[in-house]
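Structures given as structure tokens follow.
Below, chain A partners chain B and then partners chain C, in two separate complexes.
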Partner chain A sequence: MQRYFKTIRLFWSTAFASQLEYQLNFLIELLAMLGTLLGSVFILSLFFTGGRQLGDWTWESALVIQGVYTFLDGLTNALLRPNLTEIVNYVREGTLDYVLLKPMDSQFLLSVKKFSFAGLPEIILGLSIVFWAAIQSGTSFSLYSLFVFIISLFIGFVILYSVWFLIAASSIWFVKTWNATEVLRALLAAGRYPISAYPVILRFIFTLVLPVAFLTTFPAEAILGELKFNILFFGLMLSSLFFIFSRFFWKFALKHYTSASS
Partner chain B sequence: MQNNPSDLIVVDQLSKYYRVANKQPGFKGTLKHFFDRKTYDVPAVTDVSFKISPGEIVGFLGANGAGKTTLLKMMCGLIHPSTGLVDVGGFSPQRRQTAFLKEITLVMGQKQQLIWDLPPMDSLYVNAAVYGLSDNEAKIRINELAEMLELGEELTRPVRKLSLGQRMKSEILAALLHKPSVLFLDEPTLGLDVNAQARVRSFLSEYNKRTGATILLTSHYMADITALCPRVICIHKGKLFYDGDLDSLAISLSPSREVKVELKTPFSRDQFEKYGEIQDLNDRFVCLLVSRDKLTDVVSNLLTDFDIIDLEISDPPIDQLIGELFIKGEVN
Partner chain C sequence: MRIFGLSFNVIKTLLTTQYAYMLEYRIEIALWALSGVLPFIMFSLWSQNDVGNTFGLNDIGLARYFLSAFLVRQFSVVWVVFSFEEDSLSGRLSPYLLQPLHPLLRYVAAHLAEQATRLPFAIAIAITFFILNPSSFWLPSLPQLFLAYLSTHLAFSIAFLLQSLVAAFCFWTEKSSALERLIFVPYLFLSGLLVPLSAFPSSVLKLAMCTPFPYLINFPAKILSGMPVNISSGFLAQILWISILIPLVNILWKLGVKRYTAMGA
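== the complex of A and B ==
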């Protein structure tokens, strides 16, 4: 276990060092991130001009969702995108061989190898928005609601990770890079707005089929103290299922890789 | 096949087939391919058997696409065999158990694992962590290998600024950090200049002497094989076609030897025809191919019949022989 932690620490410190090799690029990434964020807050503000409501969400509570979305987007930029979009390159260039011959879990190695520090401000900003907006809407925090919030964020992240990893793992068959990133971006973007803002049929799909609701709406409800316990429980089961499936799928994909690669 | 406990690697009737779909050209072919897929098996390695003892250096020879790399990858666990058995140090490679992976390493000349934008040193410490070495162990190990590889401040310069030779040596260092006892090297000197090749070679031979590690390598450069490998395994069209020492390969490939003669005065071509096959004739220099059993007679006759300044007997160049071998496709 300690070996895994030390490996993560070294992976991320080397990732930091290699990003600093290109300072300008780093600055541009930060600027791009700020631009996106301002844009989405602006769009959200348009919905609420004239006192309209989104579903049964007020402006402040919808902003909590925006905060959760920003947080997840930051995590995506920091961790998921740099690592999972690389998998296709490892397959294409054959350097996956080196990963497979390391005495460590290959899914772990591929998932944590890089960390983009340009995602960090977005993560901090996202959390700040969540707490600010929650206070604005008159929520009183309790240890319990904070705990449930953290758990539900974790559930959301695990689901997002697993879906993304599944798509990335399929590159073992479809060696060319297809734009999986964009598909997932769209999925996550659907979670910018409260799930109850969507028509009933979409609400159903976003909860059970593509669990977008678990990514943003439910964590927001958690911090606002409105999340039902059975949904949290269901989320835990669902995210475990997704994660276990992603591991199974990876093992299966590797079997194909190792019997076909040359 | 009886397993001798002294064998480190046992390969027994190993075969690998790749399943390939057969698609006719054109749209009609595509449709047919979609609904009624016809596949056939392409053999990459067929029925190969050999054993390797600990501490051996074995060279794998073969033309491009002969199946060398497939064979190497089956031995390090990256490719599942279709039929047959591979055993490396008591492990079944394809299961890739941790204990097995800690004993082996793979270096591929055309693929790199060092982080491009950072000095090799950073990648080395990451690798050390993956293999569970402490910082102190890693430091000692890096110093030891760096000295053997003649690497110094190159290790603290970004990889992208290193020459190919320096990069390859750093790659080798990274691959040997965890003291593997079996080294799989796929074209480790690819693209290096003659000096860098020689340095990699002398390092490998020294490493083998010092640690007793077993080394299996493929190379396109005959010089690598002749300098390093007392034993060679030739693979041709997926089949094992020679397994033995390099010298006997040369003998079985070419029953003749080359006799080069420098004469005091020029002679005409027909005067030499009775001694052997004339390879080259140029003014006062003659090069003859003489079969081994007639060699002594021919040389003594030459010495009595002509006024000779210099005489040299050698084997025809081995790479030329192997090249011919792969074209002919069989050993005499």
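== the complex of A and C ==
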């Protein structure tokens, strides 16, 4: 176990060193992030013109959802995108061999190898928005609600990771799955808005088929103290299921790996 | 007959080889077509929450607008900076630069060929949309279709030039695709992909109209969906942006090529 922590530390410190070379990138990411946030808050505000509500969410509580989305987007940019989009290249160029030969779990190595520090400001900003907007909407935090919030964020992240990893793992067969992750990203953008704002059929899809609801809406409900316990329980089940399936699928995919260019 | 200094034969060869190449990636292109679902997600939100009438669109108008926005996006999507960065970093650009053909034209051909490959998928998605929302069905008149086709092509040209401008920075920095984000973010919010621009407060709308972005989605989509739109001023603005961008790309490209050091070769 300690071995794994040490590996992460080594991976991320080298990542940090190599990213220092591209300081301008950091600035660009920061600008892009601020622009995205500004734009999506603006679009969100259009739903509230004339004192409306968005699927029985008030303006402040809808901002909590934006905050959760920003937080998860930051995690995605920091951890998921740099690592999981690389899997395709490993498969295409045959360099996956080197990963498989290492005396460590291959899914672990592939998932944590890189860390993009440009995602950190987004993570911090996302959390700040969550707490600021929650206070604005008149929530009083308790130890319990914070605990539930952290658990539900964790559930959301595990589901996000598993779905993304599943798609990346399918590159063993299809090689070019870059576009499939684009489809996923497009669908995940639905998480910017509360799930109750969607038509019934999409609510169903975004809760059970592609659980976008667990990524943003439920964590937001958690910090606002409105999350029902059975949903949390269901989320724990669902995320474990997704994660176990992603591992199972990876093992299965590796059996079909034939290497390339050798 | 020569177009852009290219003989008909060269154009034909470029397009047919790129088309053959793209046909090999049908599944990827189908997936990519699917990744344009964002307008549909936004449509479901706007119509579910009855916000449309605050900016003068009923459900049918909203449905038509967003389907049009989806279609316009399908045929104006540009990824030249990503291919160019890859070619530049892997040294593949060197032989391209030696050929008596501007490398950017090769990418133009690739994009046009990809659009042709994408056509059946886009039609399939449009038909699915009509099956799910039968009341929104409409067929644009022939002149409407022609104008929409023309303005979509112009939108594609603007988007392509904008990204070529970013791509030219590949000669200076290794990671110019990161710069593309700075174009993509305003594009996302100001092009009309998420909401028809008529929903904007007038101050924001004025600001948006000073950028090229509304002419990339909003203007062609309005023509296609049959919304009232000032056609002549829209086309004028599109042509204006193209004539501003072409010399800029040209200059930056010429400066860049001088710096080219053939990476990876």
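In this text, the second predicted complex is superposed on the first by the 255 of 262 C-alpha atoms of A that agree within 3 Å, B and C clash if a C-alpha of one lies under 4 Å from a C-alpha of the other, contacts with A are read in each partner's own complex, and residues count from 1 in each chain.
The criterion applied here is as follows: a residue touches a chain if its C-beta (ideal position, glycine included) is under 8 Å from a C-beta of that chain, and two chains touch if they have at least 3 such contacts.
None of the values given here were measured: they were computed from a predicted structure.
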> Regarding the shared-chain residue A:Val209, is it in contact with chain B (first), chain C (second), both, or neither?
Replying inline: neither
>> For A:Lys6 in the superposed arrangement: first (chain B), second (chain C), both or neither?
In response: first
>> Under the stated touch criterion, which partner chain does A:Gly39 make contact with: chain B (first), chain C (second), both, or neither?
In response: second
>> If we overlay the two complexes on their shared chain A, which of chain B and chain C does A:Leu143 touch? Say first, second, both or neither.
In response: neither
> For A:Leu100, is the partner it touches chain B (first), chain C (second), both, or none of the two (neither)?
Replying inline: first
> Which partner, chain B or chain C, touches the larger number of chain A residues?
Replying inline: C
>> Which partner chains sit in contact with A:Ala17 here, chain B, chain C, both or neither? Use first/second/both/neither.
In response: first
>> Based on the A-chain superposition described above, do chain B and chain C contact any of the same residues on chain A, and if so which?
In response: 22
> Touching chain B in the complex: which residues of chain A?
Replying inline: 3, 6-7, 9-11, 14, 17-18, 21-22, 93-95, 97-98, 100-104, 109, 255, 258-262
> Which part of chain B faces chain A closely enough to touch in the complex?
Replying inline: 18, 44, 69-70, 73, 76-80, 94, 96, 98, 101-102, 104-106, 108, 111-113, 115-118, 122-123, 125-126, 129-132, 158
> chain A touches which residues of chain C in the complex?
Replying inline: 25, 27-29, 31-32, 34-38, 41, 44-45, 47-49, 51, 54, 173, 175, 178-179, 181-182, 184-186, 188-189, 194-195, 199-200, 204
>> Using the touch definition from the top, list the residues of chain A that touch chain C in their complex.
In response: 22, 24-25, 28-29, 31-32, 35-36, 39-40, 42-43, 46-47, 49-50, 52, 54-55, 174, 176, 178-180, 182-183, 185-187, 189-190, 193, 197-199, 202
